[in-house]
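You will see subunit A twice below: alongside subunit B first, and alongside subunit C after that.
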Partner chain A sequence: MAALRTSSAPVTLPAKRDRSGPHPGTVRAHRYRWVIPWLFLAPALAFFAVFKFWPSIWGVYLSLFHVQPYLGDEWVGFANFSKAFSDPDLRAAVGHTVLDAAVAVAGSMFVGFLLALLLEAPARHVRILRTAVFLPAVTAMVAVAELWHALLFPGRYGAVNSLLGDFGVGPLPFLSSPNSSLATIMLVQIWKHAPYDMVIFIAGLVGIDRQLYESASIDGANAWQRLRAVTLPSLRPVTTIVLILGLIRGLRVFTEIYVLTNGGPGGSTESIVTTVYKTTVTNNDAGYASAISSLLLVATIILTSATLWWRHRRENA
Partner chain B sequence: MARSAARHRVVAALAAAICLTTGLTACSSGTGGGGTATADASGPLKVWARAAGDSPKAFQAIFDAFTKKTGIKIETFFTLTDFEAKLSAAATAHDLPDVVFNDAAQLGNFKTQGIIRPVDKSKVAGADQLTPASWESAKDVQGNVYAVPFSAQANLLFVRSDWLTKLNLAPPKTWDDVAAVAKAFTTQDPDGNGKNDTYGLAVPGSTTRGYISWYWSTFFWQAGGEYFNGSNGKFSATVNTPEALKATQWFKSLFCDQKVVQPSSLNDTTTETNKAFQTGVTGMYYTGPYAFATMDATPIKGKYTVLAPPAGPANAKTLAEGTNIYLMAGNRPNAARQFAEFAITPEAQKLGMTAVPSATIVRLPVNSTVDAAASHNSDPRWTLAQQVYKDQGHYEPVSMPNWAQLRQTTSDALNGLIAKCGDPQAALTSLNDKLGSLLKQQGVAAG
Partner chain C sequence: MAHQSAPRSEQRGHGVTTSALGLRLPRRLTARRGGRLAVRVVLYAIVAGIFVVPLWSMFATAFSADAPKLGEVMLWPRGLSTGNMRTAWNLGLGQGLLNSLIIVAFGLLLQISVSAFAAYALARKRFRGASFVLLAILATMMMPEEVIGIPLYLVVGRMHMLDTYPGLILPIVGWALPIYVLTGFMKQIPLELEEAARVDGAGDFRIFRSVIIPLSWPALGTCAVFGFLMIWDQYLLPLLIVHSPKMTTLTLVVTGLQASQEQGEGVRLAAAVVLMVPSILIYLGLQRLFERGLLSGSLKG
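Moving on to the complex of A and B:
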């Protein structure tokens, strides 16, 4: 960059070209230049349209029918929706899902934030550590769930129970008791998703101006006060993102539950999406399943919008 | 500027329309035309089977033999986990395959969906060679035949013979024996490693695919119970009888009082339960003859013995299952029928048993002229398996319009009962009500 500077005279740019009127030969190119971004977007848009938007719209449409693939669908209007509102099993599943989402999201945000604080540093050994800690987030949930299923064997000589036994803690039932199954699933989810939240929090932490910390220390703030007064407020937009992502992820929890417990024991870990899955595959009632899915979509949109609106108000308060 | 903004909107709308039409064309029905009831459409016979791993090779052996014999080419499709979903998609597109190999338990379901054709036994060559029991698994609630049986099996009791020897126990012959042996296996350290890490009975107690009720059915019938009572397409649920209570109390006590079942049972499918038996975590297991090959491939080969399931208070019935050949509502009914006729011949049944040793797609032959043991190096376990199927085999009520849904409800109830170690009578009464309302939904309720 230094090579460009000439000796003493300031560099003068040529006079700006006047682009207000039409220029011969460039009118057509100028008028259609805005098409170019749309052309770049078109393949992705087409992909999303075919595989995401259209199936979602079709699913909402199917919820108004008694779906029979070969014999033809029968119109039932809102019967599927009224069935959804009066189904006690679905209500229990909603309760489990909301509880699981709340605890797993809060837990993974908390643990993710702690990990981010610990591992936000440019040193190479910290980078290696960060990659290692991030590994659970990129493993396939099905494989992870199978491994945890084996590790959490509830007998005295299961892998985790042996470890606990060495500390004198009795064999815990983990997934095989309805009292601890949901809590165990929440722990597995926190283990898997906290590193993902950590990475987002690290990105947020890196973006905080170091001078704020310096001026806070000069004013006499200790580490805890710096955290409360500088770090947390600066992370508000990041926290909002992590919260919204977590909510969406939490409400549609499926793989962990399907592989670890299939909704059992005794229906204690049934979630909304496992109910939808069973309704479609076992009960052959794709119309009712679509109704539940549509309601889930509406709930997710409402919650996400509410979170964004609340954050918007807090920012501008 | 306003003009280009308006043009922006027009093109955005066009782009959305293009996306929509792309989606619509992606959704439109596939090809399906041609063929009447008497004349087949042209093209190869489309055969689907729910299989993975080595099983497709065994199917291919039968298909190749059929093509060699008749000249009819076969176009195959195999998948395991999402078979019903793919079949549903084909049904929606009115582009069904011509022949499907699937569990007998799917018969009522397929018939309710309208995707299978009734079978005229008199027009199927070789139909009289098949065992009567296998034809029962191919009928609907009215007694009309809707499939051609292909393979059958019944559960046997696998016991660790080395553990029996070490603890000086005789092979169990009654329910009390089973409970006593299970207790001994759990408390007396039969593998001699000084740790209390063994259990008596391996049970797949998960609700996945209805495993727990699938397993419990044997004891339910052995106590004299039956799922449904009725005839001519009208049934009532009968799972709250004293016989059902006796079976359920005994089953529950294994988990809750005696604690002789592997502790992870309530979340275990047959995959985990197989492992529990193969790795010496449990000492007894009710499973089918298809397990001989898989068990023999593990370190317990030669260390287990296979018995006929011990009798319960009323009888010695044991769970029987089968694979059927479904003739789908496709466009090549004559070729499909010819294929079914070939698949039940001794040649095809033997191929199914022996073509691929690790994948016996025919477990017990449905053709009564074929001897299973003869095709398995005169292994006496296969003779026992064939005899148990003949004498003790009892199918689930697969002819119900949606047996999978009824089985799932039963599994949920049993899994819930054992998870909380609750009251069996209350659980059975509530289950009976639920089954009754499902029968009504399925249109086969009496009264």
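Moving on to the complex of A and C:
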């Protein structure tokens, strides 16, 4: 500890100065200099290779097989993929996932933006409230799902229902009806992710040149016009980032659905990843699950690349 | 005319600086401003009610001595008791907490060291293939656990690490985010410091350890917080990899209690509280760390 502290002090390492001298080993040192960055990169690249790239590639490979533990894998060509494209359950799951991703992302951004406008002020009590509002974003999704599972108890005595009852609404079935289950999950997701978007928007709002507001006010713009003409355009780059993160996050939705409804009732909330999980664990068909995963991977890559490319072009235009 | 309006617009402009839309708390209360203030307070109350009260009710129900009725979640505990917590503890919560702490401690240590090494090369070295490495790291961002979960589970199985700590720790070590954060931060460290050390005969590892790392503490702290939350939230991976109760993690215990219907809401929420509290403590620590990091960054220029 003491050694660490002295070594972090301004850099003078007199002990070594004489030895390096007028560089006797320079030629050799230069020759192997190119190795040094790769030595530093090696651990990270090794972990990525084994736990990211290998599974990704192996997943594509496995999707060409009927995977059977103990019996050996059987080559089936593209059968898993043609099954995926004609599977009505998977199609429904893709529909739920895309709808969920779109609504939850848009909803989180909208609520997050409102929160940002409301809680942007630097006053102390606002900062405390802002800190408190951010708590759902850092709470583990499992805990959030557990909490809302309790709060959204479907009967009249459920916490949210009894509150709604005071206003003469309900009782609503929430997660227990196929008609409202997916919408309920979206609300829980918005509750968790909106504070996160709020922070991103606040960072964006702080970055806006205050003189723009000033000149807009001088020109007689009201609050709504200032919002439309100054705030929203200035936030567009930030919005793109939030959108990318949100959509990627949305396509791989698993935890909240698995904990809140386990895909039910009646498959009404089944998502792509819950389907993959059940295909593996319940149906023991890792080949088909890999095929679905590979398609999801390709979709994620295309979506992200397209967004990055689009943003790159915009910035350079 | 122009003469007169100049100072007034100055004043208005000053008011605008406090908030994006120029909506701000008034210094002097007039009827109109009072109305605005009331609207603000009501909006604050609604926001707090939606985002904070549910979390609070979790604590209240978990520590209530009186068991909640069916479907009930309490706003205020009816008598304080740790009975729910003790029941949950006996049902594996303690084992889950211990395992999760082990996983997060080793996982975070590895994740940050590995990321710091990689960031040093990317930020401080110019070498052939750097753009390829950056592209590869970007690609891994599109391969989260949920997307590659099944083949990842099979890979872990092939390495005979199912139901072991390494099986739960090693897959989450490689993460693009800390590499990006640290690379960005290390790029800002002035080259003169490194050159001074090099003149003094320090090699790359020495420079990394004695110059770059001590200056990167704020960024390392940021990475530690994000890494903690990422590892702490893991659910699908333990769900696939853990088979025995001995290896169970906190998230698995919390959802496992939900499945065992005989336990009341209080016990289940007590487990969820244990899952939630460390993240919240870490986040409240992050805030200060963030501010300190920003401050030191701006001082160093």
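Heads up, the rule we're going with is that the second predicted complex is superposed on the first by the 257 of 317 C-alpha atoms of A that agree within 3 Å, B and C clash if a C-alpha of one lies under 4 Å from a C-alpha of the other, contacts with A are read in each partner's own complex, and residues count from 1 in each chain.
We take it that contacts are C-beta pairs under 8 Å (C-beta built on N, C-alpha and C of every residue); 3 or more make two chains touch, one makes a residue touch a chain.
As the structure is a prediction and not an experimental result, all values here were calculated from the model.
In the superposition on chain A, contact is made by A:H149 with both subunit B and subunit C. Legend: residue contacts after superposition of the two complexes on their common chain; A:S177 is shown touching subunit B, with no touch to subunit C.
Residue contacts after overlaying the shared chain place A:W191 against subunit C, while subunit B stays out of touching range.
When the two structures are aligned on the shared chain, A:N283 is found in touch with subunit B, with no touch to subunit C. With both structures placed on the common chain, the touch criterion links A:Y157 to subunit B and to subunit C. Contact with subunit C, but none with subunit B, is seen for A:V133 once the two complexes are overlaid on the shared chain. A count of residues in subunit A touched by subunit B and by subunit C gives the higher number to C. In the superposition on chain A, contact of A:L45 is made with both subunit B and subunit C.
Of the two partner chains placed by superposition, A:A92 touches none, neither subunit B nor subunit C.
Look at A:W54: by the touch rule set out above, it reaches both subunit B and subunit C. Where the contact sets of subunit A with subunit B and with subunit C meet, they give residues 34, 38, 45, 50, 53-54, 58, 149, 153-155, 157-158, 281, 286. Contact residues of subunit C toward subunit A in the complex are 9, 12-13, 16-25, 40, 43-44, 47-48, 50-52, 54-55, 57-58, 61, 69-73, 113-115, 117-118, 120-122, 125, 127-128, 130, 133, 136-137, 139-144, 146-155, 170-171, 173-174, 179, 193, 196-197, 200-202, 204, 206, 208-211, 214, 229, 232-233, 235-236, 239-240, 251, 254-255, 258, 265, 268-269, 271-273, 275-276, 279-280, 282-284, 287. If you check the complex, the residues on subunit A that touch subunit B are 31, 34-35, 38, 42, 45-46, 49-50, 53-54, 58, 68-71, 149, 153-158, 171, 173, 175-178, 260-268, 278, 281-284, 286.
Residue ranges on subunit B touching subunit A, taken from their complex, read 4, 8, 11-12, 15, 18-20, 22-24, 26-27, 84-85, 88-89, 91-92, 94, 96, 109, 112-115, 195-197, 199, 205-208, 262-267, 272, 281, 329, 402, 404-405, 408, 412, 415-420.
Residues 7-8, 11-14, 16-17, 19-20, 34, 36-38, 40-41, 43-45, 47-48, 50-56, 58-59, 62, 115, 117-123, 126, 129, 131-136, 138-143, 146-151, 153-155, 157-159, 161, 191, 195, 205, 208, 210-211, 213-214, 217-218, 223, 226-227, 231, 248, 252-255, 258-259, 273, 276-277, 280-281, 286, 289-290, 293, 296-297, 300-301, 304 of subunit A touch subunit C in their complex.
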